[in-house]
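In the two complexes that follow, chain A is the common piece, with chain B as its partner first and chain C second.
Moving on, here comes the complex of A and B:
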């Protein structure tokens, strides 16, 4: 192995390892995708197939479904690495751990978030989302699912080895600002108003959230080593 | 101050004083507010519920901020007492949040004509209740209490992001709820005969909270340190 003394190299190494692992096991990216589509399908079944009703609810439905499925998917992000000792190696390495954790979260977002965003395009047809709002949907979900992955990773770290519902209860109240911003972007886009302000707030939340949440996640994982 | 035995001694000594202070201020505020303040010309006597509603809503937010500060202290300095404080304050805060929601709902029925509206203020208070519930739930799921304290500290610190949004939300998406009763920058929009008893009530609720917190912290210290010699000396004189 070559001599790695650059943190970025380690970041890429962890990212590449996790990506390889995820692609070897198709369940990691297919399960959240299918879950998302099933939840989206449930809404027309429950609310009736009225086109005008679904069209006005579409943005909210897609957002809630994306939120739930990215949250459920991230739940097991650390459990395997914790069990086989990979996480121990992160902590004894000389690199800043939160950067390695961020690589894991980023990998999760690439593997689970991206398929969900693709599926949201399909769902926007299912739910008659006004076509002008499609770009806003993609861009808001792009930022929103990354934030959800970060939050979900913290929940997963806090509830490591406990039930999935606990980590959902912990994380869901904290995801409300993201949901509000996302739906604010969508309703502005549907009404053909400028939504760049909301998008900036979401970007700012992400800019604070990436280092902040990764640091808190490291803190939460460390609790399991005492 | 930081060590549990010292804190326990201090808490035991100050508890009766705190209880007395809380009862006196609380009773004065409530009797003044409910019995002697003028009737509102529009709402009639219904408005008097604010003497419970507003203080508990203020407490609901203050206790959360208090928990976040203790969480930060326990994360940075690993102070034992700070960790226990979050754990003792969370159920009290959840209680005050519930009282604020219930009294608001009781007041809303005759005044707004509905028990509940999805107003920003109401919604964010409900979210605050969920945050308290998440903290209580996480703590109770962790066997090791010291570990639980630190896990909860992380959540409390994260939740500080939510409290400013609650505060700001009134200005952002105001629908039905009136603006905050008290602000630091301007005088309240009600006459002094109405807001002075309200201020006394707020003070009384704060004392009540301090009393309840000290009381439950005492119990928490004893139950955590039950194997230590100073606790045994305190209770079993042999």
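Moving on, here comes the complex of A and C:
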């Protein structure tokens, strides 16, 4: 019944719907962005403006701040649709739920992750990140924040109907591999070494994570329906 | 006529407590069934266990004249479910609420405009639903029934928040969809004017 065109239409529909809703409620994309900028700004204030110190810490600071702020709005991926009955209707319809979850993850990434990546370019300047490492920062955050959105969706599904911060707590320990890979890429780039191996591992994590985590998220949502 | 759904002796528990005992009914294609009962009698639980949202149940649920119990997906029945929460987003316009629903994504602007006219919201097509009344939001939910053809509509208390005109609207739409072969399984506190079989649920007052 569902051919390929139909599946693509369904995917685009959910993506368009979630983007429309996000942009009408501007707090969803502004809050993580502001949070990221504030946290990043705290470091030079607390550590002092020493260029050599900040420059060596810059990559780690940006990565940790990006991880934390991308989890900020994660609870909202499903909570509203769960409360107002939209998820019920989507689950009963014959359209593939897996596509629905992936579209919602992608929307969260476009709305939260992508602005953070842009802001990280700005913050790399005042944290004295060596300019040679900027490309590595962007590409590693690109993969890293998408993985965080996937993990975040799983956390949000597990914490549905419970406290908002719970989803972030569930997810944070599982973000360690992403953080390790991301910072490994960065330290290699800062020392002008080849980082393509780490990048491939991150790509592989994402390739497994997109189908794997989306399927787990479907199951986690179904758990909420006793 | 063939049976689209046959339920035999359905028992259902929620958090270990018996909510439904021995519910049985059959629903023919193109016919309607109303489940009537007071608050807490388990009307919603019947619908949600048929959809697989409540799993702690036993008894036979047979779809499409099948001899073996199955889920509605396995029975190849297309369902539309509308719960108490009617999934109308305040931040979306009437058009978007119809278009972005599980049934509407293949519908064109013309089709949606036609449906908006039918449910009396033609002039609110581009108005955000936050400015609509509860009854008007309910009408949007009703409009979704028409976006796509389903075999079975499970609607939890469709008549709440509606004026007389709205109730007439539902009756018209149900008749129209019945003629296309669709069945309705609805719940309510009292019998409605619909042409339907009715079953009554009692509240369990064991204590």
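FYI, the second predicted complex is superposed on the first by the 220 of 226 C-alpha atoms of A that agree within 3 Å, B and C clash if a C-alpha of one lies under 4 Å from a C-alpha of the other, contacts with A are read in each partner's own complex, and residues count from 1 in each chain.
Operating definition for what follows: contacts are C-beta pairs under 8 Å (C-beta built on N, C-alpha and C of every residue); 3 or more make two chains touch, one makes a residue touch a chain.
Note that the structure is predicted; figures quoted are calculated from it, not measured.
> Mind checking the superposed model to see whether chain B and chain C fit together on chain A or clash?
Result for chain B and chain C: fit.
> Vertex at chain A, arms to chain B and chain C: angle between C-alpha centres to the nearest 10°?
Placing chain A at the corner, the angle measures out to 90 degrees.
> As a test of reading the superposition: which chain, chain B or chain C, is in touch with more residues of chain A?
Tallying touched residues of chain A, the top partner is C.
> Mind working out whether A:159 is in touch with chain B, chain C, both or neither, as first, second, both or neither?
The first partner, chain B, only.
> Output check: A:174 vs chain B and chain C. Expected answer is one of first, second, both, neither. What do you get?
first
> Does chain B (first) or chain C (second) touch A:38, or do both, or does neither?
neither
> Of the partners chain B and chain C, which touch A:216 in the superposed model: first, second, both, neither?
After superposition on chain A, A:216 lies in contact with chain B alone.
> Could you tell me if A:9 is touching chain B, chain C, both of them or neither one (first, second, both, neither)?
A:9 contacts chain C only, not chain B.
> Between chain B and chain C, whom does A:47 touch in the aligned arrangement: first, second, both, or neither?
A:47 contacts neither chain B nor chain C.
> Counting only touches as set out at the top, which of chain B and chain C does A:225 meet: first, second, both, neither?
second
> With the two complexes overlaid on chain A, what is the closest approach of chain B to chain C, counting only CA atoms, in Å?
Closest C-alpha pair between chain B and chain C: 7 Å.
> If I apply the document's touch criterion, which positions on chain A are contacted by chain B in one structure and by chain C in the other?
226
> Can you name the residues of chain B that touch chain A in the complex?
The touching residues are 75, 127, 130-131, 133-134, 137-138, 141, 147, 150-151, 154-155, 157-159, 161-162, 165.
> For chain A, which residues are in contact with chain B within the complex?
154, 158-159, 162, 166, 169-170, 172-174, 176-177, 213, 216, 219-220, 223, 226
> Mind pulling up the chain C residues that touch chain A in the complex?
Chain C reaches chain A through residues 14, 48, 51-56, 73, 78-89, 91-92, 96, 99-103, 105-106.
> For chain A, which residues count as touching chain C in their complex?
Those in contact with chain C are residues 6, 9-10, 13-14, 16-17, 20-21, 24-25, 81, 83-86, 88-95, 225-226.
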